[in-house]
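For reference, the structure is listed below as structure tokens.
Read from first to last, the chains carry the letters A, B, C and D; within each, the first residue is number 1.
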Amino acid sequence: MTLSHFIILSLMLCAIGVYGVLTRRNLIGILLSVEVILNGANLNFAAFAHFRAFDPTAGAVFPIFVMAVSACEMAVALAIVISMYRRKKRLDVYRLEELNG
Amino acid sequence: MTLLLPDLLLLLLAAIVMAVDLIRIRPLSTVSFHLSWAGLLIIFLVLIVLPYDQETIYLGTYKVNGTALLFKQVFVLSAFCTVLLSGSYFTPGGNARGLLRYRSEFCFIILLCTFGMFAAVSATDLLTLFIGMELATIPLYILSGYQKEDSLSVEASTKYIIMGSLSTGFLLFGYSFLYGCAGSLSFEAILAFAQSAPADPLLRLGVLFVMAAIGFKLTIFPFHMWAPDVYDGSPTPVTAFISVSSKAVAIAFLLILVYGPLAPLHKYLQPLLLILAGATMTVGNLGALKQKRLRRFMAYSSIAQAGYIIMAMAGGAEAARSSIIYYLFVYAAANYAIFFIISIAGRDGNEEFKSLQGMGRRNPVLAAVLMLTLFSLGGIPPLAGFMGKFLLFASAAQQGFYSMVIFAALNSTVSLYYYLLLVKEAYILQPATSSRPLVTDRIQRAALLLLTSAIIFLGLMPLFSSNILAVVR
Amino acid sequence: MAEFIFTNSYLLLILPLLSFVIIVLWLAGKYQNPAELDKTLRCQNQINDSEETQKRADDFAKGPKIAGLAAILLATLNALYGLGLATAYYQHVLAQPEHYPNRTLVCFDLAWLNFSPGLTANMGIYLDPISVMMIVVITMISLLVNIYSIGYMKDDPAFDRFFALMSLFTFSMLGLVVSSNILQMFVFWELVGVSSYTLIGFWYEKPSAVAASKKAFIVTRFADAFFLIGILLVSFQAKSFDFLTLNLPETAALLNQSIVLGSVPVNLLTLATLLIFAGGWGKSAMFPLHIWLPDAMEGPTPVSSIIHSATMVVAGVFLTARMFPLFSEAVGTLAVVQFIGSFTAIFAAIIAITQRDIKRILAFSTLSQLGYMLFSLGVAKISLHGEMGPGLNSLGYSAAMYHVFTHAFFKCMLFLGAGALIHAVHSNDLMAMGGLKRLMPKTYWSLLAACLAIGGIFPFSGFWSKDAILLAALQSGHYVTFGVGLVTGGLTAFYMFRLFFLAFHGEARSELHDVHEDPWMTFSIVALTIPTLGAGLFEHFFAGEMVASGLAYADHLSHPLWLPVIASLVGISGIGLAWGFYGHGRTEKADEWRQWFGPVYQLVQNKFYIDEIYLFITHRIIFQGIGAPVKWFDRNIVDGAMNLCGRILQLGGKMVRLAQNGQLQFYLGVTVLGLAALLFLAS
Amino acid sequence: MNGPFLLTLIWIIPFVVALACLLVPHDNHRLMKLFSLVGNLINLGLVILLTLKFINVAGIAPAGSDSSASIFHFAYKTPWFKIMNIEYNIGVDAISVLMMLLTAIVIFCGILASWEVKQQAKEFFILLNVLVAGVYGVFVSIDLFVLFMFYEIAVLPMYLLIGLWGTGRKEYAAMKLVLMLVAGSAFILAGILGLYFESGISTFDLALLSQVRFSDSFQYWAFPVIFLGFGVLGAIFPFHTWSPDGHASAPTAVSMLHAGVLMKLGGYGCLRVGMYLLPEGAQVWMGFFLVLVTINVLYGAFGALRQTDLKYITAYSSVSHCGLVLFGFTAMTFTGLKGGVLQMISHGLMTALFFCLIGMIYGRTHTRTVSEMGGLMKVMPFLSVAFVIVGFAGLGLPSLSGFVAEANIFVGSFANTAAINRVCTVLAVLSIVVTAVYVLRAVNALVNGPIAPKFSLLTDATALEKVPVSILLFCLFGMGIMPGWIIELVNGAIKPIFNNLSR
């Protein structure tokens, strides 16, 4: 298990997340995919903290902050999505089409 | 602790506003509104009198220096204008699109967001920077969906948050690579690493991820796609706030990184920045050509402006910093002036080009202000926008990128075309139906007076720009 | 006294200018607002009281004849001054050749236009035999024409304007002949053009007059452009505009070099002199630039008279004479001058035979006579076949000047007389005249003298000058030219007497009302018989003094006695032929002959269709062939390119809007692609 | 009054007038016109005073006699923006003084000619005065930044002036005009920044920059950029298309000012910035520009040939004549440069009068199509005679200003012995024939011929209208007959530029 394994894993997570973001029709699904990307980044931090950093605490603390922040973000996102659901009665991303041009 | 005073005052103000909301007596109370703008004004005054030639680092992570203070001025002024601008949207009958509610919360969120920006420009490490940026960004998601009843607003908000989250993901990846290279989150360590190994692929990978992420906030092509929709859908004061504050903090972020820890990579970044700048201003200008809705139009216009701004980053640290900060003030003044006019002319809720028709006769003063503002955005002397753009271009020219300067100036000619289209709407075209006179309230008049004089005098008075130069030196 | 006259010689120019200015100012005062007045008049007379209105308007328009009298007064002063100047010049300059080696006196020379430190154009007065001669001719003729015009123009509403413009015309021509340098000459040259433009188009409501004035101006302007290039060329080489410098042999030597234009080697001197001569070509209306002159008859007759005698058309001859020392070095140029002169002489004479418009006949006769003058200058260079060997023949030069002198008077009179006829019958058409001898005896006898003079009959003035010209041609060995001159003399006599018989003899061919001889007009006509009869006295003076100085001339040879005899015989036979055809005002025999000639006659009567060729060139080629395509090109290509830029940008705008399709996942895709592109770009 | 103060006053007064108009109630047109008129009359007086002072000073200390001395008189500088060493730096040489004189005359006449403006008079006069202030500003400034700033100030008001008060396709024309000019200034901007950074002394001061020997590689790209940039305003081919549409659509006073003065800013800039500062670049590029401007000269003339609208005819003739300005410059000889400057003045006067008269005639006949008019001499002798005279000035008749300029241009251009110069000179000289054709066509169609019945009740110029026409006529004749003092002045100003060019 070397650093590169972890980096590849995190990049794969990122790629999976991106794939999800681009293909999921459901807004919640897209949000979940975003979370996957964020966690990929977290994994990266941890891996770097373990393998390379002379300041490993930072690498350990950062993911915690990220989790907190992303939790906030998700909370807001869910609120918005719910309000969206109220307007459109669907969570289909295709329904977001009124604004264009 | 003096240098921290504005940050603390801002937090205090936010707390007070929130508290007022908790004990508010009537639903339409304007106490928090007045409290907010007055408080922001005081903070601004405090910011002005602070010493600009010092640099203090608090707790090893929170740095305050002249550049940061200047950025804080921009943020405070922007928040101040947004609060004033929001006034009429919270007043019944102020705008036909729909009444905004929960004024104190609105103000609170604005203040909090502004604090996040404060934190971002004071950062000395990636963590503070990240927290500050997120604090500055997440409230904006909420604000853009503030008009819950309006499906456009909600749609805008949804698009914004999803794209924003993706960019946060990229940002974090970027950070993680930077951390991985330098082994530390502090800028000093990253700088040291960048100096020793500027060609490290991991470092570059990180930088590119960060660039992409910040490109989102700065509406750089091709990361700008959210901007027109979000600008168009959000309530007007929020659009104004996003167009100025959010852009300003992104620029601050970029300045901090590019001329801070990533300075050794500047040569490597230069062509990249120029390409992005050229593409961004072109796309922004082209997009604005065929618009009919004012807020969407402003979105494209601000995309183009972002292009000019990052072009300046091809220049040296001093020139870039001073010209960009100066331009931010100018840009903020002009943008807010336009949004004020939009709020006045767009009372019918449409906020389209048509709303401006016949303004030359309906309200000549307002029309004149509009014209001055647009000319300033178009970079016409002797208005501030000209001086600002001149300095931006000079910054790029200093490094010998003359063809880029020509390209940008030609782009600015294209932008003049659509600004003149607005002038044409206001002066030359007459409304099909007879329309009401354009009424303004006291706050709007005062704000417009301030902004217009800023637009005129920032370009003529050397004091201000010279000060900026002195500060960033 | 002479000193005074010389130092104040600018008065010569000031007087006519003053006359112009005074009349214009007076006119401006009078016409404070004629339309306003007209309107009030018309408002007052709403009820069809048009006669009264007309009368009042006419009264207003006519007014007193102060302008004419003022003009005459000043013209008289000017003529006196001119005479005084001539006398002073004769006594002080010509009589003292040791003081004035070139017989040239530059009275004053003020810097006017400074081009570069070494090159300045002056305004000066340059007196030498030919300019003094011209001064006398111009001032005298101007005076007489002014007097004549009082009678001729008395019913014209624009009486005052006429005199103002005449004064301007005189001013310009005087300025031209006294020019001390070639640029000054060009200045006045152009002023002459403009004054003639205003005078030819004097009746500006008449479309044909307007068209003629435009044509005159543009054709001469066309020639002037080459003149200007010639000036540039010469002045660049000589570093001066002054005639004194230009006419130095050094200048000619400087210019005498070969340059290669394209792939053709050209002698610079020939080129430059040809270009300068081009100016004279246009002004003197030599073929093929002659087309403006017959049309210029649209102006009032006194104008034609002054244009054809003293001003404008002789400018070309004068220019050639003025630059003669330079021209004399350029063999090719003089050959061109000679060829064009002789060709125009006979060409115009042939056309003149067939014309019916009395003024046009005179116009073509002027062309023909100008041809004489120019080929006379041309033959001043002795041909290789000449009996005197190579060199210059001073007689060619002096004869040309002499012919300018004599021609001025008799041609002026012919026109004035024609004017009187036109005035009497209210038509230009020769076929409408006839039998005027009885009604206008003074005019008849005067014109007879003029016709004899132009026909070259002894002892009238034309005989002497033409004789000198023919002699010069003969002496210099240009036998073809000589032959042409001789034949043209016969033709001249023929068409002039055709005119004369048709106008005066026989029976009136149209109804005539109230024909009388206006005293003002008759005075001038009769006065002009004096020089017509007496100019022959000056032959020796001209031959002796009117010589471009500073040149080496061949010695004079004997004057063969058979020459005047032959010339006279040719002239008389021309007259006889005319009598045969048109005696007693008959036209039947001529008609028969015309039938016989058929298409050739048509060709000639239509002036060889030169006008039509010009129309084709200007309208089809320049207007439609260049102007219209340029307009199209400008609107569609150049402007179109600018609009295309706009279109492309607009299209770009549409594309950007199209990309902004509102689909979130498309946006996200673009963002991700953007990141990928960024990574790709940076690697 | 000392020189620098006078200079400042001259450009400030129009601004003050504009501000004064701002305060006048909306419907008090009379007062606004009066303000503008008096303000510009005062300015005219001041400019004349300046000219006299200048003649005085220049007589004592001829400019450029010593190479280190500044070529500008009444120079004054004070730091303005420290940030890029931008200075408020003013001063004049003979060219600017004469151009200011021209401006003062033209605008004074222009205001008289626009006495009839009724619609939104307030905005009209404000914009007009701002425009004028910009023009003056360009001529007084030595600092390139300030010069550029004023340059843009002078361009922008055109949009509304044409778009609001114009005729025909006014919006399109106004937009095209402004965009093309601003696009031109994009090039100027790059050029100016290049001068600043490449000079090594970080200054915008023209006088200082003129002492710098810029590297050849810089000059090679910077010269065409600057020359073309300014050339757009000088209507250089193929960037002239804003001119016909713009001039045809603009209201009288604006056409006068724009064709009369504003187009000269282009030539002024080409000379002052392009050729003065970048002589080596000029040497290299001149052949190319010579061909372009020769095309201009011929093309404008031929273009005018087939036009039917009076204003289009005049506009194309402006293209041709402004081409002659640059033609004189591209000759690169002393006389040619001088001729170019003289042509700027001459054309300014002439074209101003042209547009002034067209405006007055149009105000009466309500048509500008030449074929519909005719015989106006009968009802408006004053205007018609003036029209004929200005037509003659256009075709370079001696005794009118045009000849003085054209003679200098042609002599100067011919003095350059390069084959291409010679050929172009010949072509340009031949263009005067075409000029004669279109001028006479217009004149004849307009004032001569039988009068149409519908025009027979028209009136001649009023006393008020006669004033500007007379002033301009006087100037045309004055310059044509007594060009000595102007030439003397211009000689002094050309010398340092020429010295730079031939170093």
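We adopt the following convention: a contact is a pair of C-beta atoms (placed from the backbone, for glycine too) under 8 Å apart; a residue touches a chain by one contact, two chains touch by 3 or more.
It should be emphasised that the depicted structure is a prediction, and the values quoted were computed from it without experimental measurement.
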Of A-B and A-C, whichever chain pair has more C-beta contact pairs: A-B
Centrality ranking, top chain (CA atoms only): D
Whole-Å gap separating subunit A and subunit B, where each centre is the average of the chain's CA atoms: 26
Distance from the mean Cα position of subunit C to that of subunit A, given in whole angstrom: 95
Whole-Å gap separating subunit C and subunit D, where each centre is the average of the chain's CA atoms: 37
Geometric centre distance via CA averages, subunit C-subunit B, whole Å: 77
For subunit A, residues contacting two or more additional chains: 18, 21, 96, 98-101
Sites on subunit D at which at least two other chains make contact: none
Numbers and ranges of subunit B residues touching at least 2 other chains: 158-159, 162, 166, 170, 228-229, 291, 417
In contact (per the touch rule at the top): chain pairs: A-B, A-C, B-C, B-D, C-D
Contacting residues of subunit C [partner subunit B, same complex]: 649-650, 652-657, 659-660, 662, 664, 666-668, 670-675, 677-679, 681-682
Partner subunit C, residues of subunit B touching it in the complex: 158-159, 162-163, 166-167, 170, 204-205, 208-209, 211-212, 215-216, 221-223, 225-226, 228-229, 268, 272, 275, 282-283, 286-291, 300, 414, 417
Residues of subunit B defined as touching subunit D within the complex: 322, 326, 360-361, 364, 371, 375, 380-382, 386-387, 390-391, 393-394, 397-398, 400, 402-403, 405-406, 409-410, 412-413, 416-417, 420, 423-424, 427-428, 462, 465-466, 468-469
Subunit C - residues contacting subunit A, complex: 657, 660-665, 668-669, 672
Residue ranges of subunit A in contact with subunit C within the complex: 18, 21-23, 93-94, 96-101
